[in-house]
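The structures come next, written out as structure tokens.
You will see subunit A twice below: alongside subunit B first, and alongside subunit C after that.
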Partner chain A sequence: MAATEPKGHGHHAGMWVFPDASAMSQDVSAKTLSMPKPFTLALMVTGALFILGIVGFIGRAATDGFDEMAPWGYYMAIFSWIFMISSAAPLAAVAFRFTKSHWRRPLSRVAELFAVVGILNLLMFIPMMFLLPGLGNPGGVVEGQLELRRTIWFEGPIGAPHAWDVLAVASLAVTSMVILLLSAMPDMAESRGTATGFRGWVYNRIAGGWYGTKRQWNAQKAGLALLGAFYFMMIIFVHFVISSEYAQSLIPGWKDSIFPVIYSVTSIQMGLGTCLIVLFIMRRWGGYEGYVGKSTFWSASKVMLGVTLLWAYHLFAFFITFWYGRLEVEQNIIKYLIVESYGIIFLLNLVFSFIAPFVLLIWNPVRRSAWGPALAGLFAIFGGLMFSIRIFVGSANAAKGDEIYAFFLEHVPAPAYPDVWDVFMVIGGIGAAAFVYLASTKLFPLLSLWEVKEGTLYQKWRKFIRGEYLVLGKPE
Partner chain B sequence: MQEGTPLQSRQINRELLVSILNSPKWFWMAVGILGLIVLFAMGTAGLMINKGMGVTGLNRPVMWGFFITNFVFWIGISHAGVMLSAILRLSKAEWRRPATRAAEILTVFSLMTAMMMPLIHTGRPWRLVYWIYTVPFVPYDYARGIWPNVRSPLVWDPSAVYTYLTSSILFVIIALIPDFAVLRDRTTGISNKIYGMLAMGWQGNPRQWKLQIIAGVLLSALILPVFVSVHSIVSWDFGMAVSVKSWHSTIFAPYFVVGAVHSGVSAVAFVLIILRYIYGWQNYIRHEHIDALARLLIVVATGWFYFLVMEIVFGFYGREADEIAVRNLQFMITPWNIWMMIFVGVTYFLPVAIWLSRSARRNLWIMSLACISVNVGMWLERFLIIVPGLARKQLLTFDWYTYTPSAVEWIIVGATFAMVSMLMLVIARVVPLIPLYDIKEGEILRTEIKIGRVSVPATFRED
Partner chain C sequence: MAKAPILGLFETADNAADAGDALKAAGVPQTDYDFLTDTPYPEGAFGERHEGHRLYIFPFVGALIGLTVGVMLTSMTSMAYPLVQGGKPIMSLPPMAVVTYESTMLTAIIFTIIGIIFESRLPAFKQGLYDTRITEGYIGVLANVEEDQLTSTQTLLTQAGAIDVVRNSGGPGA
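Showing the complex of A and B:
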């Protein structure tokens, strides 16, 4: 173990770790190469689920084809769920790097690695392109219907909506991948001499020219900052696109300016929550307890609590405006997505996205633990799954055929229950995402070595008056 | 994040109490001039009450104009206090220290000013009591069949604002207790008695400090929901009105809150620059603090801009004729479209372009310009939400109308700025606008870390 005993006092006993920078690379490299039994088992189980998902997908395609959107509601939901996690998790690395928070250092790579899951997501997006109806009403100008569907593309630039949607999702996936590679470059350079096989080939390809000169470090940091800013803007835009295209535009008359924000907030909550779960597993079973202090959970949980409150606030802002407005279409949408058709799913969504994490995280001892924030993260991702099902299954099944071109939702549609293919796809999607993530941890070190090493320079444990306290250096 | 030289406790007391113990010569003249402006506006308001609302530019269908715009604007400014004080305190941002007190006090005065605006807007302020509460000793005019509607956002609004005002005053007073004790020990006569009473027996023992810190943290956490609710409810004054199409938008609540933080923090940055200049507080309000505020503002402004874009996109999204009419007025018809361009330019593009440059962030003149620019823009934002929506409220075009503010409205609205400035000056004479104990704590905790040949500023942290 390349670390000292955790430090801290009083309520914060054992909160901070001070890893030994000199032994860190070797230790983490060994961990990356090792294949312990539980890990292999997890890889096999998630791989099996992945195959189950593919079976579900083929079954659904063979049964229903790609002409109608309604049978694919659960596929859209699991796509969205994985997308929300894989797109928002890298944001945790980007955002806290911007704020120069030292506690983020062990979390950065865990978050960035979700870029690999983003590639899976991109593949999953291909069938969804075939499902999305065009802008124009194939019936032309029809009494009681719109000539053009309400979408964010309005009259539609060339290629709208399909080409632009693909471009948006692909750009996000590529950007997050570039961030991962750029960030991992110094770590890969350290191991390129010893790595063999595919790993050695990748390391040499990506980090072959890295020698850690001052110029290279400056370029890497500037690149990460610029890409981070771009990623931040892209993620907000792509969330806006996905939430509008595959949810709002499919329910006639649903005009809700806060929905893209709710989507982004849910996504951020899930992304951070998932990172906390991974960190907890690393600490508990992965042998990383010397690198991941409780301080990371303590600080991240405060952000998590804030995001949880924001989720509830945005949902309430949506609900009160629709509820108070008393417009027929808005009442129907509330009945459909919140009160009647998907009422139970909404309740689960509310409990697991807000009530459970909130009740858990308001307690200081829970926030100071490693299990508490991870459990809150688990709640959040389950709540997010309910959110995705409620919204995307609901949207796919709200209007059948050319009803999608209607002015308003004039009735409250019935809920769509999953069949066996849907269950396979949902479980398989979760398994696929986990499988890809687990596999990627054998290629990239799960700890951002250069960031953690840098952190050891800025965090010290020093005597102050009658006790010993943490000293945090802020370079600017 | 620490520049400047280390400060001794005595020096901090001496320099930060200068506004109280040694008033500059210009002080009373400035207060007098501002007071005259306020008096003139009060006279104008009296004239308006006497003559009726006909002296304003308000007319059907635009019955909300300058006064309500100004109300929303000042509510917005009040959001700086909690943003800077509570949130930054909870997040333990070291650079918050010199900014908190001025922000909290600006919150209190802007809330008081904001609450005057609907009173003036009613035209008959004494009837407000019928509008909100049925008080047992006030004869309620049941004969007209008008009842207070507790389900109306217009009732939630004053309730939220008064709650915020009460909690903000409490917040300021709790934070002031140790500083009142310092003043008690440095004054004589009646001042000594008053400060002694306000210091509530403060001796600075460990138990008192512990209680004061706990109270500060608890209040910070408790005031947050109030802070969010206030501007959300103000936004629902508009958002719940289905009849005005461009107002019925689900994003209004967070859009208003973020906008409020944007204008409020900008206002605080401007106030800090003024304080630094007039009281010579260069050792306390340093370039690094203004720089940090500007960097925070980039994030806040960008968040606000995102909400603005969502609001506009979804305004067009529905393609409903009555909403398009409002958007047409905002974006296509002169002078509204010019105001719209100015509004977006001065609220987002100009200031953010300035804040992206480190040297601009550290130039106080440029920063003042950027902060004023934001607030001009944010005032315009509220105006451009309220008036075009009402001007195109009716379905039939012959019911459309516009609005031109009268001199009476200009005077009253203009005087609110004089009033807040005057109140800030007066309070600077009574309480230290930079918290003494907070600065001293920051000085105790500051240290350095040596990395190679470089010394990096650092802080001791308990958690």
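Showing the complex of A and C:
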């Protein structure tokens, strides 16, 4: 183990770890190369689920084709669920790097690796392009004007909506991938001489010219900062595009400025939650306990608690406006998505996105543990799944055919229950995302070596009067 | 006479900084030596020169191009297909903002990526002088000196506390 015993007093026992920088590369490299039985089993199970998902997709396509959106509601839901996690997780690395938090160091690579899942997401988005109806109703002209769907594209600039949607999702995936490669470059350079096969080929292509000169570190630091800023600016925009394009614009008359924010907040909660689950697994069963102190969970749990409260606030803000406004369309939307048609799903969404994580995370001893924030993360991703099903299955099935161009939702549609292909696609989608992530951990080290090593320069355990405490250096 | 690289390996950052001081005192220009590390050290930790970069120019230029393209695309589309929507003017800023924002971000990101590649001097096609012990926490002091100064530089690095000095042809340049 390339680490000393965890440090801390009383309530903070085991809070901080001080890895041995000199043995870190070898140790983590060995962990990256190893294929323990549970890992192989997880890879096989998720791989099998991935195949099940492909079967479900083919079954759905063969049964219903791509002309109607309604049969693809569950596909949209699982796309959205994976997208929300894979897009927001890298934000955890970006945001806490901005704030120069030392506790984020073991979390960075775990978060950045979701960029690889983003590529899967991009592929999953292709069929959704075919499903999205055009802006104008080809069969409807009202008072000499073409009847348009209410979208963010208004008059419809060239390429809208399809080309701009693809560009948005692709640019987010590419940016997160570049952030991952730029961040992993120094770590890949360490192993470029010893890595063989595909891994060796990738390391030498990407990190062949990395020597760790001052210029390179400066460019990497500035590059990560700039791309991080752009990523932050893009993710909010792409969340806005997806949530308005595949949810609001498909339910006639749904006009709500708060919904894209709920979408982003749910996504951030799920992204951070998933990172904490992965960190917990790494620490508990992956042999990384010497690198991941409880301080990471403790600090991240406070952010998690804040985001959970934000979720509740935005949900209430959305609900109260519609409930008090009492327009027919607003009442129908509330009945459809919250109270009646998808009432049970909404209840599960509320319990797992807010009540359960909130009740768990208000306790300081739970926040200071490793399992508490990870469990809250598990709740959040289940709640997010319910959110995606409620919103995207609901949106895909709200209006059929030309009804989508109507001014408002005149009735409360019935809920759409999943058939066997839907079940396959949802389970398969979860399996596919897990499979891709697990596979990527064999290519990229799960720990950002250069960042954790940098942390050892600035974090020391020193005596002060009668006790020993963590001393932090802040060079900037 | 051609310059050749020489790499001194140091166990501690203090010794590496001493080597930097010694090279400076021996008249080796600061642009001809560099510190190779497995993790970023704080600015000035080795007494090294300030390494500036112009990375910030790239996204700025990219954003300007994207902004121009976005504005032109949306305004020209509006003029080519003058559809009145909700009684709003044909050329109105809010609808233009969505596409313009996306095109601006897109080109800014692309130019940033190009800038990172350029500023990092990547890809480096020539195999450089490097030692894998740097990945274990050793600090490399890489100097490019005249070939007839290699022996004296080696002595200088050893005197500063280098545990090993590596010499061969090629190198990443300092």
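Here is the rule we use: the second predicted complex is superposed on the first by the 471 of 476 C-alpha atoms of A that agree within 3 Å, B and C clash if a C-alpha of one lies under 4 Å from a C-alpha of the other, contacts with A are read in each partner's own complex, and residues count from 1 in each chain.
Note that a residue touches a chain if its C-beta (ideal position, glycine included) is under 8 Å from a C-beta of that chain, and two chains touch if they have at least 3 such contacts.
Remember, it's a predicted structure, so these values are computed and weren't measured experimentally.
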Subunit A contact check, subunit B vs subunit C, more residues touched by chain C
Output check: A:L167 vs subunit B and subunit C. Expected answer is one of first, second, both, neither. What do you get?
second
Ask   = For A:S22, is the partner it touches subunit B (first), subunit C (second), both, or none of the two (neither)?
value = second
Kindly classify A:F280 by the partners it touches after superposition: subunit B alone (first), subunit C alone (second), both, or neither?
neither
* Should A:I152 be classified as contacting the first partner (subunit B), the second (subunit C), both, or neither? -> both
### Query
Is A:G223 touching the first partner subunit B, the second partner subunit C, both, or neither of them?
second
**Request:** Considering only touches as defined above, state whether A:W311 meets subunit B (first), subunit C (second), both or neither.
**Result:** neither
May I ask you to decide whether A:D256 touches subunit B, subunit C, both, or neither, giving the answer as first, second, both or neither? first
**Prompt:** Is A:T175 touching the first partner subunit B, the second partner subunit C, both, or neither of them?
**Reply:** second
Contact-wise, after the overlay, does A:Y342 reach subunit B, subunit C, both or neither (first, second, both, neither)?
neither
Dual-contact residues of subunit A, meaning touching subunit B and subunit C, are 146, 152, 154, 457, 475-476
Given the complex, residues on subunit C that touch subunit A span 34-43, 48, 51, 53, 55-56, 59, 73-74, 77-78, 81, 83-85, 88, 90, 94-96, 98-99, 101-102, 105-106, 108-109, 112-113, 115-116, 119-125, 128, 130, 132, 134-137, 140, 142, 172, 174
The subunit A residues in contact with subunit B across the complex are 11-12, 15, 146, 150, 152, 154, 236, 240, 253, 255-261, 298, 302, 313-314, 317-318, 320-322, 324-327, 457-458, 460, 462, 464, 469-476
Interface with subunit C, subunit A side, in the complex: residues 21-23, 25-26, 145-146, 148, 152-158, 160, 164, 167-168, 171, 174-175, 178, 182, 186, 190, 193-194, 208-223, 226-227, 230, 233-234, 237, 449-451, 453-454, 457, 475-476
Within the complex, subunit A is touched by subunit B residues 1-2, 90-91, 94, 228, 232, 236, 239-240, 242, 248-254, 306-307, 310-311, 313-319, 447-449, 451, 456-463
